[in-house]
Amino acid sequence: MRSNGRGESQLRPMNLTVNVNKYAEGSVFIEMGDTKVLCTATVDEKVPPFLKGQGKGWVTAEYSMLPRATQSRNQRESARGKLTGRTMEIQRLIGRALRSVVDLRALGERTITLDCDVIQADGGTRTTSITGSFVALAIAVSKIAEQHRLPAFPITDFLASVSVGIVNGEPMLDLNYEEDSTAKVDMNIVMTGGGAFVELQGTGEESPFTRQELNQLLELGERGILQLIEKQKEALGPIALMIGSGQSGREV
Amino acid sequence: MRSNGRGESQLRPMNLTVNVNKYAEGSVFIEMGDTKVLCTATVDEKVPPFLKGQGKGWVTAEYSMLPRATQSRNQRESARGKLTGRTMEIQRLIGRALRSVVDLRALGERTITLDCDVIQADGGTRTTSITGSFVALAIAVSKIAEQHRLPAFPITDFLASVSVGIVNGEPMLDLNYEEDSTAKVDMNIVMTGGGAFVELQGTGEESPFTRQELNQLLELGERGILQLIEKQKEALGPIALMIGSGQSGREV
Amino acid sequence: MRSNGRGESQLRPMNLTVNVNKYAEGSVFIEMGDTKVLCTATVDEKVPPFLKGQGKGWVTAEYSMLPRATQSRNQRESARGKLTGRTMEIQRLIGRALRSVVDLRALGERTITLDCDVIQADGGTRTTSITGSFVALAIAVSKIAEQHRLPAFPITDFLASVSVGIVNGEPMLDLNYEEDSTAKVDMNIVMTGGGAFVELQGTGEESPFTRQELNQLLELGERGILQLIEKQKEALGPIALMIGSGQSGREV
Amino acid sequence: MRSNGRGESQLRPMNLTVNVNKYAEGSVFIEMGDTKVLCTATVDEKVPPFLKGQGKGWVTAEYSMLPRATQSRNQRESARGKLTGRTMEIQRLIGRALRSVVDLRALGERTITLDCDVIQADGGTRTTSITGSFVALAIAVSKIAEQHRLPAFPITDFLASVSVGIVNGEPMLDLNYEEDSTAKVDMNIVMTGGGAFVELQGTGEESPFTRQELNQLLELGERGILQLIEKQKEALGPIALMIGSGQSGREV
Amino acid sequence: MRSNGRGESQLRPMNLTVNVNKYAEGSVFIEMGDTKVLCTATVDEKVPPFLKGQGKGWVTAEYSMLPRATQSRNQRESARGKLTGRTMEIQRLIGRALRSVVDLRALGERTITLDCDVIQADGGTRTTSITGSFVALAIAVSKIAEQHRLPAFPITDFLASVSVGIVNGEPMLDLNYEEDSTAKVDMNIVMTGGGAFVELQGTGEESPFTRQELNQLLELGERGILQLIEKQKEALGPIALMIGSGQSGREV
Amino acid sequence: MRSNGRGESQLRPMNLTVNVNKYAEGSVFIEMGDTKVLCTATVDEKVPPFLKGQGKGWVTAEYSMLPRATQSRNQRESARGKLTGRTMEIQRLIGRALRSVVDLRALGERTITLDCDVIQADGGTRTTSITGSFVALAIAVSKIAEQHRLPAFPITDFLASVSVGIVNGEPMLDLNYEEDSTAKVDMNIVMTGGGAFVELQGTGEESPFTRQELNQLLELGERGILQLIEKQKEALGPIALMIGSGQSGREV
């Protein structure tokens, strides 16, 4: 039996609070159980040098944990003078995942930066960051669409992410920290609203896993992601209708 | 007339929410108008090398702003690879101010680290951080006092901080960002519950100020700080009674 | 048709040259087509601080590319003053993958560091590094086993890695640089000799992928890895017999 | 009684030697007792990016101590790879203070950088740096005024700085290192020739201070600064006449 | 008697393998006994800022050792976050030496970067890097000369380098690591094909040396360098004829 | 004709002022023409880790230029966050040179750090630093010898350094900046009082040099160094008698 009496294929209680930041073009506070992440989207009317003059936009992400987001205090990366490998890996993953559902050409020569700051961590901070920052991104894009005549709404599909793993021999959905640290297999899945995989990162450091175990995990993950996307739709309201619509979004 | 119809000697609406973090020994979310800071206190049962074996404790602080705490996005200091001078100056100030009301010998060989993370900034982030982190510190110290037999409660007085300045020729209390950026004189005051100064930092970069103007500013500041300390007392409840009591705090 | 007339499920020509370094406890020069990596294993008779006194060893990896390993010259990370996110991600992957087939307790309080230096790059440098460094690791471990009475040979299974991807709509094995840069899906697979997955990292940045496509890719990868493990066995000669044998390895 | 029989409101012996550097546009060697600082002013015919095209100039400062300026050797900040918070705080203070008496518009699009290098330290290095660098600045500005037709002499008033503090219960002027390290209150004052405050930084880390103590300290400081400004006038000779004169300075 | 029965004025076995890298404009693998260095030359059609618009080119070098090039593993400079003084000194030396035989004006506004990566080290890595990178440079320059109409072949003379030293009281040529670490005097000589000195770096840290000893060392070095240049000529084939010819090199 | 009517084999006017720093165990201000360097020696009663427990001491050096020591202002290395290659090369040279005349065993387990800070630069800063820091070192060592019973005075010989070069076809002694920047050959020589070479660093980047030219330069250098050593003797007074005496130095 999992803590809080959760079933093996059950997500933790989830909350999405939108527009929590006074300045950002898009913002969301996402809670998955005790994991809490603030996601803000910043729009910049220019692109990085490698994209200049190509008529395409860019979406990128940064990720950080507050020092006391965790059980014991972590040294700040600003004080260490450099990012850890874990942080770099996570922010590359978030950016790559989000770009997979953005039509960069429709976005035009703009950069959207998603900042995912973990206020409190209890497992699944990277997947929660992806699920939350998708919503912040959609809000920011809807503001761009209102103000500029875009050829089409640049977000082509929904996108959410969840972790799955094998804990005490059982496949489980949405691991908290305690479950994650005893899991023999740990997998992060990013999927679109259309049910296709965008990222699949499975690790069996403690013990390798079979094709059959992989299939069980993928099914659990798929089920969880569909529920997350329902929550995203509720939180986004009318903006949700524009996603994947091909419309310009001016009328939102 | 100030925004929101505020009078010149009136503080912004202020909120202190305690125990907002699941893991930290002390935590507070402080809001002064649109300035919002999360303060956590972490207790470590050892001291920095320069204090080893002296039977004294240490209190230190770190300060950071989330990238989109401000109107336009700031680059993360972790990405820049170093702290700005402004950040260093502020975290030195917070630590120094808090230590002035801590009996480091009564604390014993422990370090308390205050993390002040600015979630949203609208002027006065350093003074707000001091006011908030005093509360987080008191909560953390009360936990130590419950678990260990201390010679006396190590916090000797209340402590709060506020900014004052001369804007459009008028002395004003608790400047927001807009006021701060047009002020000709800007001063940060840190005071104890006993009404004495701990830090006084006045700057007249745009225009120097006279003794008389200084006196007006100090009076405004004093009045504001007394109100802030009342709010701290409410938020702390029974812990407030231990501060400056000389008692051991075991009975809180 | 692929370059060099290669079939879709065909590996590039592969060479493993062992003991190429005069000083290292284990060393291999691995060539997969035009991708060439020098892997050395260094044995250190101590462990990192977090493992001290636990009776367990450690295996870690570092990865780097020579500046002119690629079409256009890359700036050295030593000159930049920091590692890129890509490098950190890769060296974490190599270390994690190798540890999955090492019995760290049988290894004893020792650290083995695998250095993977890419002399020339033509796609698949991370998977080639894993396949090559497994061999360097096995040689180094066999030297330890000769000199010390270990409870069992610490390597519990073979391990190799290969990339697969969907290029021009076709699933393909072992992508070279040109194929990799036009692939819509790109996946790195690490498997044991026993046919179980250790790492699975699939990315559909350009276009998401279905369960069916995933299955095709996994089958291609499995086939390729079995061939790579055959090559590892040839290169290791009698050492290969110790792997997974549970024997102490003294008699190699 | 203070060392050297100094009275409580007496400055240490002070020397200003001008034009000590062969290359710099302005240079001064300032001695306040055993505190010795070399100040050079460098004129650069451009401004930092944030001021470009605004028709205004900039004044900035850098501060450093030679490793053996102090009792025990300090590690170089160049070897540590970064500036300490103390250094950053001081150089921000020096720059801000000097700018308060410079008409940046009259200066035109030029940057003047003041380098304050502490050759020997015995307390008050930051205040001594301000007093000395004002003179180096004035010399450099007079050279600009000779060579270019400025609308007015860009220095609008004199500026000097001194420390005051409460040592053994007594307010004292111009603390040396020994006094400073036992002071319960420590304050740095920057004032203009017109007697107005530019910066006021008081710290009561060891013990807070009252309004009355503050007033005593401000009076001591004011008296000291007037004497320092007399010395500056002597050292500057005819250049002193231009300061605050509103004249163009061509005729110096 | 030296190891391998080498005489005191005898070089170690030397091999030059050209064109070992698929991408670089020039590349050489040089072996001097157990010292092995990979040298690649990269041509960039622009110059560093300080040379812009002067019609001159630039030649520069970078040097690095693989972590296990040596007896015990060295930490990577990329992991340390900065270059050691030794590395900086060596790469400045290589660049300076090569430039002495390049007509930078004839080269035109191009930069050639020589990367010297030490695969295995057994003494003399800096001198071996110079000897090898001269060959890589010549190959790259010949490619430029084929593709562009240069006023003259930009390499004006041959250039090679060797170490000499006094070991057990005897002057010796081309020290290996063991000899180098017991030498009382150690000298690196760089000479042109015309027999003139380009660099002379002699160090008698353990014991100073006399004019007579210096002369003996210079004679040994001269003899060694002439042999190295013969090897360079063989390796370069027809390109060797262009060096110092003053011809444009188009006809190579 | 050289500037100031100097002859080709004539040194610039030279001054050594000893004991210029209140705190350092040894200190010297050395002027060679317009090149001015402050040298301080700091004694630390421990050795670096690599020497611990071997009964030997260590001598090391650091070198820096003030930002406005030169014609145009140099960025501080502390602001850049790292030392330049030039600085590292120079401080390694100074340390190595000084150690060649120190009996590290007689010194005992102590470290002496020489700080050479260039106050003004006009060519020859590294050779001037060596000549000056030798004197600071001798003073510091004499203080150790007074306070501790050393087996012998640890300085075994005098040591000084000068530059020579070929300017406009003429060999010249002690180049100033202008001469140095037009020299075709540039050489730094470090010699002992006994007339032997400790370091020889000759560079013919602009044009290689012959054996005959080398000999002319060495003779010029030798003559200059003998004069510098005479000046060192004068400055050191009775301490000079201990150098190379083998006596314990207690009686200085």
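Per-chain residue numbering starts at 1, and chain names A, B, C, D, E and F are given in the order in which the chains are listed.
Definition applied: a residue touches a chain if its C-beta (ideal position, glycine included) is under 8 Å from a C-beta of that chain, and two chains touch if they have at least 3 such contacts.
The structure displayed is predicted, hence computed values, not measured ones.
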Required minimum of steps from chain A to chain F, each step between chains that touch: 3
Intersection of contact partners for chain B and chain D: none
Chain D on chain F, rotation in degrees - Cα superposition, rounded to nearest 5: 180
Geometric centre distance via CA averages, chain F-chain C, whole Å: 52
Whole-Å separation of chain centres (CA-atom averages), chain C against chain E: 34
Residue list for chain D, restricted to those that touch at least two other chains: 81-83
Sequence of touching chains round the ring, chain C onward through chain E: C, E, F, D, B, A
Chain A partner contacts - residues on chain B that touch it in the complex: 21-24, 27, 34, 38, 40, 42, 44, 62, 64, 66-73, 76-83, 87, 113, 115, 117, 119-120, 122
Interfacial residue positions of chain D with respect to chain B in the complex: 82-86, 88-89, 91-92, 96, 99-100, 187, 191-192, 194-211, 214, 218
